[in-house]
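Next come two complexes built around chain A: one with chain B, the other with chain C.
Take a look at the complex of A and B:
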């Protein structure tokens, strides 16, 4: 086990306890041009040590979901409904001190743009050491040693050189590995990854993804990974959620979601990404919904090929299909 | 590399200042009449022009001036015959001291309020800062100075009997000390020199005299500092690395000092240096209101008389101060910002 990790012990008792549970989470952001509702009832569970992926178009609420887990709201933004629970305790009720110790040491995040997520004025060493010390007691003296070790874990051949560097001296792939090191240095039980490989070229993407997956599992931590790229998500995640208009419309084990999804949007998404046929990738007709609206009915129905009369009349039902497979659609299971 | 670059730029700036300053002074009048009066014959005027070298080709005049300047000689006043360097050495510290305390005041109100306004744009202190900034930019400095003199000196004196004349809270606007003997010149800052001489009363007195002019200038020159600080802090605050720092469980205070203020400081430092340089020459109206024997008043007197060397001397000294300040700011930023070191 790598130095300094405090991973959650996985035994038969705790393995079934939910690490993180979101239910009906709503976020509202007040902007100059009126309120925006990026999250409209997100339900999501993460268990200890597992990897979960969330897929969706930009604007579907993926990043906001991660931010609501850490209660990092943009200016004017607030969690206006639902519950975020960490090991059964409400995150929304934490006071400032409790929130500070929850962030980092329980849940840490890896950001989309690796270079701008690092303070340009501070050395890599200072940033890792500060993140390490913020989350552990009596860490004097061992922090520098830890920084070197974690960089070695992230396949930096010469950690001492990297420690002395500044963010502008790192390539995108190196900067993202430093960001991963920062998140790991906090020793969290859950790592949130916000499109961590989007800005990187294809070969670097795969390398960083594999590295992330390996280091997270070596620390027995759970990983919640979001991306608009279904292939990246399916490479890493055991369970996959599909997001649309601020909701997780379908959630389930990777095999089910990839081979036989039930939600029409999930199917359309899969068809778009199915490149094996050699056809030109298609797009889903219609426009991405405006998040200035609050949707009481299905937000996808205007683009849906299976639209029924009930879709225009009744709010979405929740179908639990077993094995954590969950669906928000009037069609229900077993159609087609 | 960055520093070499900066030094080269600053040298070019100084040379350009000398050339342009020279051209402008020579093309906008002659010191002959101020030095001789108007009731003299054409003959005498011609003779004097010859003596002063004013009949030489302009290039020769420039060369004469420039070679003297290269030796550190700023020339002498054509009217009083006092060496320009001597006059400036006497008057510059007066202005520098006033401007220094102006910046001290600005650092006390504009920067803290700017930081606060950047952190809490809707807060009461943000509104207070914006109110002060609006007031400061819309009110002329000389008028504000007069208002202070009226309210704090003139009015209290006229409070009628029963109460009797209250001791004036602020000293009469009579220069730097109001009649006391100045301390022996060491730095030219009366507050510092008085302390060096061990005269705390005198230091207190000169500080007291500084308050109103410095406060006036601070209120009118501080608004840009407030606004730049506010926007720099608000920009730093919305950077991804600040959110990331919070997400690692770093505390509010740590993030504020380690990330937000550090990244917000370069534009603020730059503007502070610029403000200092500007006020060296630009505080002249306030100098007049408070009878401050500073370099701004000296420059205006010299310009009115087309006293070539005196005007140029002030321009060059002001430019040198600018250049030195900018260089210091560059050094600080060089030390702070790793991106400049590559």
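Take a look at the complex of A and C:
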């Protein structure tokens, strides 16, 4: 056996395990008033069939993370650093045709505003059939059959009526379930959900979330779910990442993040939502950082209650705490 | 705003042609009357044998009866050669309507595709398209027609198709292409950033798939409104070019060339030679513009709104 084969085989093993891997992803958007850096080194792994949640305030880079996974940049935006890998292959090197088959048949997306994510001029049936035919089997009969089945899976009582409707004839919850149907119709291995329940009322939110989780796991797909609502994320996701200023500052299993987070921001977030204390909600003092700056040091230190001298001097260290628990903070584990 | 299901049972075309409320207005019935004339035009002489309306061969002169005023035998009178104006106005309907339809469909169709493509691609594609539009639109229509006839006149490239008619169609297409490009582009420009277009990209749809499946359907209300309007405009262009002697050559019946025949006579008081074909143009344009307004209000996603 030639030298080095072993190393290669180890690499391909890990490649088979990770579905999607982001390492140090940086995004720069050139605007009229200068460059903006919404992502400043995002690290994230998603394994087949698992559900991952990302939580963060507006502007923390959640949506941009999803966009960079799909390579769907806003005008003037570009991925300027790091790597996005799908099953070990770089997404950033795909040509136009490969990118087209990667989007949809590998990774599909569900949007925040369910009504505007549907084409107002096309019927529900036409949209599902189009998505199915573009990614799976180019046959009208099979696609129409599938559209009916997937709507039944999404708990529509009479799919035939819904299929003939247009987006403006659907309620928010119905439209979002149609969007889920659209994403499922592509047959992806990973579904990205960009705050899919923010526009819905409370009872509908829970129903849509449960449905999403059930249908995704029934199809053995992975789910990457982002929201500013830690409650919604904790309902669905097995692993949770906390985002701040374009970085995933803490990532770990749901139980660890919810009961004993290590990052001061994650704790403050939990306290805000009073999931632990049950007191009246508080806010975190200070302002959300401006993403026009590139942060070499901790971006949270100005709002942090545990700020130390080292925070102003050295860049952030990465602590691996086992069980995929990762932390970006000078405090490290074992403090409280 | 209510979300009660609108009347989707009636087809799109039913709603455009009769409106949300059933019933036929004067303008709509006028359009169907013109359409009817366009269909029966060439057979008018044989139809005349069965019904008591005085129609004649549109091309056979009557040398004993030139420039006679409207009468029971010649409802619209006769022109300098003694040709019956009533028959010729009817026969010309088909020529004008058909050429307008072909020209607008050709130029408009290409214009829609180019406009949607420019809106989708933006950047240099958009810039090039807009500069091209500005160049074409800076020519006066009649001058563009003259230049086309001058350039294409000596060439025998249309085979069995009548040379004048073919050049007319090209002229109309060239006038309409920029109109559609501009309109469709401006309607679709905000769609590039729309969520459902992003979603379509995420669903793995290619550029042409998005333009064809999502962009063009979203402009169809405006396209249809423009279609009726530009057909009316095209009839005016055909008449205008024929009036200055391009396109359809006499003695073939065409409204514009018929007006020209009467242009010198009208000062002598022989008004009927020009006025009747002129009235036909006015009525066609009037009936067509009605549908423009109609389609703009009817074809929104909601059926009656937008």
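Convention: the second predicted complex is superposed on the first by the 312 of 336 C-alpha atoms of A that agree within 3 Å, B and C clash if a C-alpha of one lies under 4 Å from a C-alpha of the other, contacts with A are read in each partner's own complex, and residues count from 1 in each chain.
Everything below uses one rule, namely that a residue touches a chain if its C-beta (ideal position, glycine included) is under 8 Å from a C-beta of that chain, and two chains touch if they have at least 3 such contacts.
Keep in mind that what you see is a predicted model, and the values were worked out from it rather than measured.
Visitor: Based on the superposition on chain A, does the combination of chain B and chain C result in a clash or a fit?
Guide: After superposition on chain A, which the two structures share, chain B runs into chain C.
Visitor: Would you sort A:168 into first (chain B), second (chain C), both or neither based on which partner it touches?
Guide: Both partners.
Visitor: A:101 contacts which: chain B (first), chain C (second), both, neither?
Guide: Touch partners of A:101: chain B and chain C.
Visitor: Check the residue A:118 against both partner chains and state whether it touches chain B (first), chain C (second), both, or neither.
Guide: In the superposition, A:118 touches chain B and chain C alike.
Visitor: Kindly classify A:232 by the partners it touches after superposition: chain B alone (first), chain C alone (second), both, or neither?
Guide: neither
Visitor: Given 56-64, 236-244, 290-298 or 308-316, which part of chain B has C-alpha atoms clashing with chain C after the fit on chain A?
Guide: 236-244
Visitor: Under the contact rule defined above, give the chain A residues that sit at the interface with chain B and also at the interface with chain C.
Guide: Shared contact residues on chain A: 70, 72, 100-105, 108-109, 111, 113, 116-122, 130-131, 134-135, 166, 168-169, 179, 182-183, 186.
Visitor: Going by the contact rule set out above, which residues of chain A touch chain C in the complex?
Guide: Interface residues on chain A, with respect to chain C: 70, 72, 100-105, 107-109, 111-113, 116-122, 130-131, 134-135, 164-169, 171, 179, 182-183, 186.
Visitor: Per the contact definition, I'd like the list of chain A residues that touch chain B in the complex.
Guide: 70, 72, 75, 96, 100-105, 108-109, 111, 113, 116-123, 130-131, 134-135, 166, 168-169, 179, 182-183, 185-186
Visitor: In the complex of these two chains, what residues of chain B are touching chain A?
Guide: Chain B reaches chain A through residues 238-241, 243-252, 254, 258-259, 262-263, 336-339, 342.
Visitor: With touch defined as at the start, can you tell me which chain C residues reach chain A in the complex?
Guide: So the residues of chain C touching chain A come out as 3, 5, 8, 194-196, 198-206, 209, 213-214, 217-218, 220, 301-302.
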